[in-house]
Amino acid sequence: MTTTRADGRTPDQLRPITIERGWSSQAEGSALISFGGTKVLCTASFTGGVPRWLTGKGKGWVTAEYAMLPRATNSRGDRESVKGRIGGRTHEISRLIGRALRAVVDTKALGENTIVIDCDVLQADGGTRTAAITGAYVALADAIEWGREKKFIAQRSQVLSDSVAAVSVGIIDGVPMLDLPYVEDVRAETDMNVVVTGGGKFVEVQGTAEGAPFDKAELDALLALAVAGAAELREHQLAALGRDA
Amino acid sequence: MTTTRADGRTPDQLRPITIERGWSSQAEGSALISFGGTKVLCTASFTGGVPRWLTGKGKGWVTAEYAMLPRATNSRGDRESVKGRIGGRTHEISRLIGRALRAVVDTKALGENTIVIDCDVLQADGGTRTAAITGAYVALADAIEWGREKKFIAQRSQVLSDSVAAVSVGIIDGVPMLDLPYVEDVRAETDMNVVVTGGGKFVEVQGTAEGAPFDKAELDALLALAVAGAAELREHQLAALGRDA
Amino acid sequence: MTTTRADGRTPDQLRPITIERGWSSQAEGSALISFGGTKVLCTASFTGGVPRWLTGKGKGWVTAEYAMLPRATNSRGDRESVKGRIGGRTHEISRLIGRALRAVVDTKALGENTIVIDCDVLQADGGTRTAAITGAYVALADAIEWGREKKFIAQRSQVLSDSVAAVSVGIIDGVPMLDLPYVEDVRAETDMNVVVTGGGKFVEVQGTAEGAPFDKAELDALLALAVAGAAELREHQLAALGRDA
Amino acid sequence: MTTTRADGRTPDQLRPITIERGWSSQAEGSALISFGGTKVLCTASFTGGVPRWLTGKGKGWVTAEYAMLPRATNSRGDRESVKGRIGGRTHEISRLIGRALRAVVDTKALGENTIVIDCDVLQADGGTRTAAITGAYVALADAIEWGREKKFIAQRSQVLSDSVAAVSVGIIDGVPMLDLPYVEDVRAETDMNVVVTGGGKFVEVQGTAEGAPFDKAELDALLALAVAGAAELREHQLAALGRDA
Amino acid sequence: MTTTRADGRTPDQLRPITIERGWSSQAEGSALISFGGTKVLCTASFTGGVPRWLTGKGKGWVTAEYAMLPRATNSRGDRESVKGRIGGRTHEISRLIGRALRAVVDTKALGENTIVIDCDVLQADGGTRTAAITGAYVALADAIEWGREKKFIAQRSQVLSDSVAAVSVGIIDGVPMLDLPYVEDVRAETDMNVVVTGGGKFVEVQGTAEGAPFDKAELDALLALAVAGAAELREHQLAALGRDA
Amino acid sequence: MTTTRADGRTPDQLRPITIERGWSSQAEGSALISFGGTKVLCTASFTGGVPRWLTGKGKGWVTAEYAMLPRATNSRGDRESVKGRIGGRTHEISRLIGRALRAVVDTKALGENTIVIDCDVLQADGGTRTAAITGAYVALADAIEWGREKKFIAQRSQVLSDSVAAVSVGIIDGVPMLDLPYVEDVRAETDMNVVVTGGGKFVEVQGTAEGAPFDKAELDALLALAVAGAAELREHQLAALGRDA
């Protein structure tokens, strides 16, 4: 493909990915992940016990909260704490991250323990939700190890059934492209976030026509790009966790 | 297909659909839509002018708000007005409905006018967001006609580029099924909401693995079911609006 | 009387009243009531147990919540859930409905059970609070029957001591009139809502001078109209419930 | 009448009434009023101009806000500012006070000026809303004088058409009684708040059956007591304002 | 010193101080305190038991809430209950009062009991937080006595280790001055609130440069003034409590 | 001094200080500052224009917002956005930072421009407010330079009159110590935060007796430590900004 992107990438190329595992000295698991200029701090907080509505069912709970610092973006936004309410976008992304992680967690194997993943966007340049999911997996994996070491989780329990990563794809000027930065995101005719397991299956497919509606062929092209991109992200996750692919 | 569903439908069959156009004597457009036991009252409110951030750009604005009556469901939920905050699910669905409608609206042709669509679920039995979108289109079409009659919109303006409808699909016991009622929805391994234009293109594809992740073949089967279901819903919309397909 | 009203009624005539009992298939009791163009959906939710502050006192609890859909009125109002707070008018009417119903409920006979009545105004044309009370009684009666069948309430318990209904009255151009629609309501010099038991006694009398203060003779005339109107409403309630007067 | 009340009063006797006019050195009008142990600080704030929705109509605006200090009552209640929302009772009483005052104000004569009356209950022993209305009238009268002196209001404008006062009445053990303290209020079978002009006409009649419903004869007896009590309160108001009856 | 202050005081002179102990007939302890035109009603509410997070530790809890009536100041401010949130200044002062009181309370001697001090500013003319602390001590002392009489507190327990009072100081036109009224407060280059025990030690020193930063010599001069002023306030506290110094 | 501290420092020694200037690629000024394990991201957002209440006065505005990520601390705290209200501590610290910065800003020289400083604590180990002020100064200085380059600020305007830094001091086991980490902070008998200009004068002195009240000699010792610590912090600020002391 010969299309030139603003940052010189080919359409099927990810931005530079870095994962700084264990960034926080307080959390049971953490990762500072970058997808190019997008930087998200993911921390995992492990606590024994579960919310009241789950007590006594022998199952654990994994949930996530997403937020953006007020000046993560190019112009400052009001803090949601100051506005006194959480916006729809924040809610929606928090719920997406939680579902994505739970898709690879065996809550029975986790036992009656709770893990809360906080994904705070320190700097935003497109793809914050996909970076958040990808980094959250690393923080989650470490928090589960912590729980195992502290005997909250049984030694032989297989809590994670697979890894999970996410990436955005979109059609710009008719060309399907991988991992959109902000300047591409606002121009995309169709925008899709795809959450994929290490095994290459779909956990979540969210495609939206921003301009013209899209057809099946376009959808297929985008999904193929996303699956390939997610496989690369998996390599980064495993490397950060010090494991072989 | 021989799978029997709780209500006797085949996997590719919609529930009984009714659209009571003009239910409200106050709103500029309205429809009380039923997908089986799910009943949603959709009203469209037309006002001249646009929000401040859009003023002077020669474009209109279409937005939507979704809500559920406290006893729409089997057990009563607290009112969001009483809790003092709107839940994540409500926000997410309101945003989805708005995006779905805007995908078929030419905001320049609408001129500097605002249409707010309220979708209030009077009774919920699965698929409330898809019923809402399908009914909202009817209310929207009537509100646009109202605006034309009152000279808010130019006579020859083609505001709607197409119709739009939505339907849920899911995999239950390995079988892809169309238009899930609540009892099926909670059992679905994969759950997908698909928004489709009259022309058969996608506006929004939202698929979620509730149990195991899904593969490309399953995704394809679900999309095919949804496209066929949406075509049927289009017939109901046109009939309600008194138009030929 | 020869005064002509906008809709051709005599001053002592109610608008057309309809009560669609059992409108909801989810609630333990329900009624969709119309006073002319005013339509209120009343649902009664029965749950075993009482709020903590009432536990162990051998008494039940009946309460109500009133709300209006945003486009129930002629111009759209903001949702209270979006504003994040419930307005004074909403609060006031919810409290009024609750008091009206509790006046005919023997909470000891109800036992430690809770009934919440939701009154959601789908369309508003004056008199929404009085329609709500009148419809709520029907929903309440059915919810009590449900509780008896499900053995939450003792078989011989007489929970309801009487029926209850409500109607608005007002003075327009010096003439006392019954059951005001919106166009009359805004013109009324004095506006009164009266809650009356089946036995013709007062549960609540709320009279307000909107223009000039009123004297005792005017008050007496209004009360007489209201008592007669409430007696008619009682007939509608009994008919809906399938009982003889 | 021979019924003995807890504080030795006859049924038709008010509690000791005091009105300390001009208590605040900051407000344009103020009164610290006592009905026995009930003490309410009423301040009137005068500002030129009106809320936006009233601009340019040549009319003024009078509104009121009622609140209770957390330890005004026998056991401490949470502050509404801490709870983050105003309760239904507070809203209801604020609205009642505003309506009562507006009934004697000619808003055209007031001109485009706003008067806000704050009624803060420093100590509560029954009848706080009636004491608030009675004291608010005094604060309002002084604020209007202030506006006249400062030339906000035309010299010859007759802003107040009459005085206004309020008192509670109720039936206890079958006996109608005037001006109930807390211990009587909780025992009353019927409870009524009546707002009366100096001319003896009704502005607001709010009667509620707390126990058994009440009949017309009881209503009449209560209203007669209230009218007589309000006439006495008028004497106190005029004395405080330094005027002859 | 020859500097003349607006109200004729010398720089090291307090405004007229009055403490009306037992103002409230409802609270377990109370004081209406005036520092010149500043009037604060302090009430202490005693309840057996402690908040959940303190249960079972054998310690009591003392906390405070500060608020201002809307028209305590020269122009009316919106109620925090109406705004739905407490402002930063209110929070800050509430926390300061609580810390000041806890500094002289032996929470073990208090036993598992809670005292909440409400400080409501009825009229504000500078120094409201210092008047609040000074009056709160009197209310607190009486509430502790009440707890002892009611056997909530052991007879020989020494709950209060000392008295506590507070006063503002500031530099105006280069001259350090004691107890600033509003007109001086807004002109002060440096503003300091000092909380001092009966024994003359510091509990809290809060100095802020409003204009130019201040040096050590200025700080020392202000602290000396404050310590002397607090000693005088202690005399007023003891007199109000009917004790010898 | 021979007292050994947990981390081996002498009582008058700061923790390792790092200032990463320009951490954010979006903000007009930024610094990631560390005081040992405490890490605060400070960003400065420059916008032309001022809040409405300041318009037309020829002055600019500098304000600050402080917040903590939920897992900045050892156990996770709820997000203030989720709770829907900002806590007293957050408010108090935001106000402190704003006052500290304004003390060295000439708002006339700034012109009608606004600078908002966000201080988000990524990791907390004591002294977060003092680190925030010290880092905020660096971000502020760069934002002012940005404004000058973009011609929002006149070329020769001297906006900053001095630098400003802050540090905590406290008495532990009777020994005054500089720059307390969390483990020392919770043990301190007296805790003080001191804001000092580059010229060594005080902007803010906030001392609190956490245990026993403190005397003048202790206060003097703490202030001396703080002034020396602040001078060292100034060196770090100047180095980060690439200037000579």
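Per-chain residue numbering starts at 1, and chain names A, B, C, D, E and F are given in the order in which the chains are listed.
One rule holds in what follows: contacts are C-beta pairs under 8 Å (C-beta built on N, C-alpha and C of every residue); 3 or more make two chains touch, one makes a residue touch a chain.
By chain, with names taken from UniProt: A, B, C, D, E, F = Ribonuclease PH.
If you're wondering where the values come from, they're calculated on a predicted model, not measured in any experiment.
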Q. Among the remaining chains, which ones contact both chain C (Ribonuclease PH) and chain E (Ribonuclease PH)?
A. D
**Q.** Required minimum of steps from chain C (Ribonuclease PH) to chain F (Ribonuclease PH), each step between chains that touch
**A.** 3
Q. Where the centres are mean C-alpha positions, what is the separation of chain B (Ribonuclease PH) from chain F (Ribonuclease PH), in Å?
A. 51
Q) How far is the middle of chain B (Ribonuclease PH) from the middle of chain C (Ribonuclease PH), if each middle is the mean of its Cα atoms, in Å? A) 33
Q. Taking each chain's centre as the mean position of its Cα atoms, how many Å separate chain A (Ribonuclease PH) from chain B (Ribonuclease PH)?
A. 28
Q: Could you list the positions in chain D (Ribonuclease PH) whose residues touch two or more of the other chains?
A: 84-86
Q: Record each chain of the ring in the order reached, setting off from chain C (Ribonuclease PH) and passing chain D (Ribonuclease PH) first.
A: C, D, E, F, A, B
Q: Could you please specify the touching residues of chain B (Ribonuclease PH) with respect to chain C (Ribonuclease PH) in the complex?
A: 24-27, 30, 37, 41, 43, 45, 47, 65, 67, 69-76, 79-86, 90, 116, 118, 120, 122-124
Q. What does chain E (Ribonuclease PH) use to touch chain F (Ribonuclease PH) in their complex?
A. 85-89, 91-92, 94-95, 99, 103, 162, 192, 197, 199, 201-209, 212-216, 219, 223
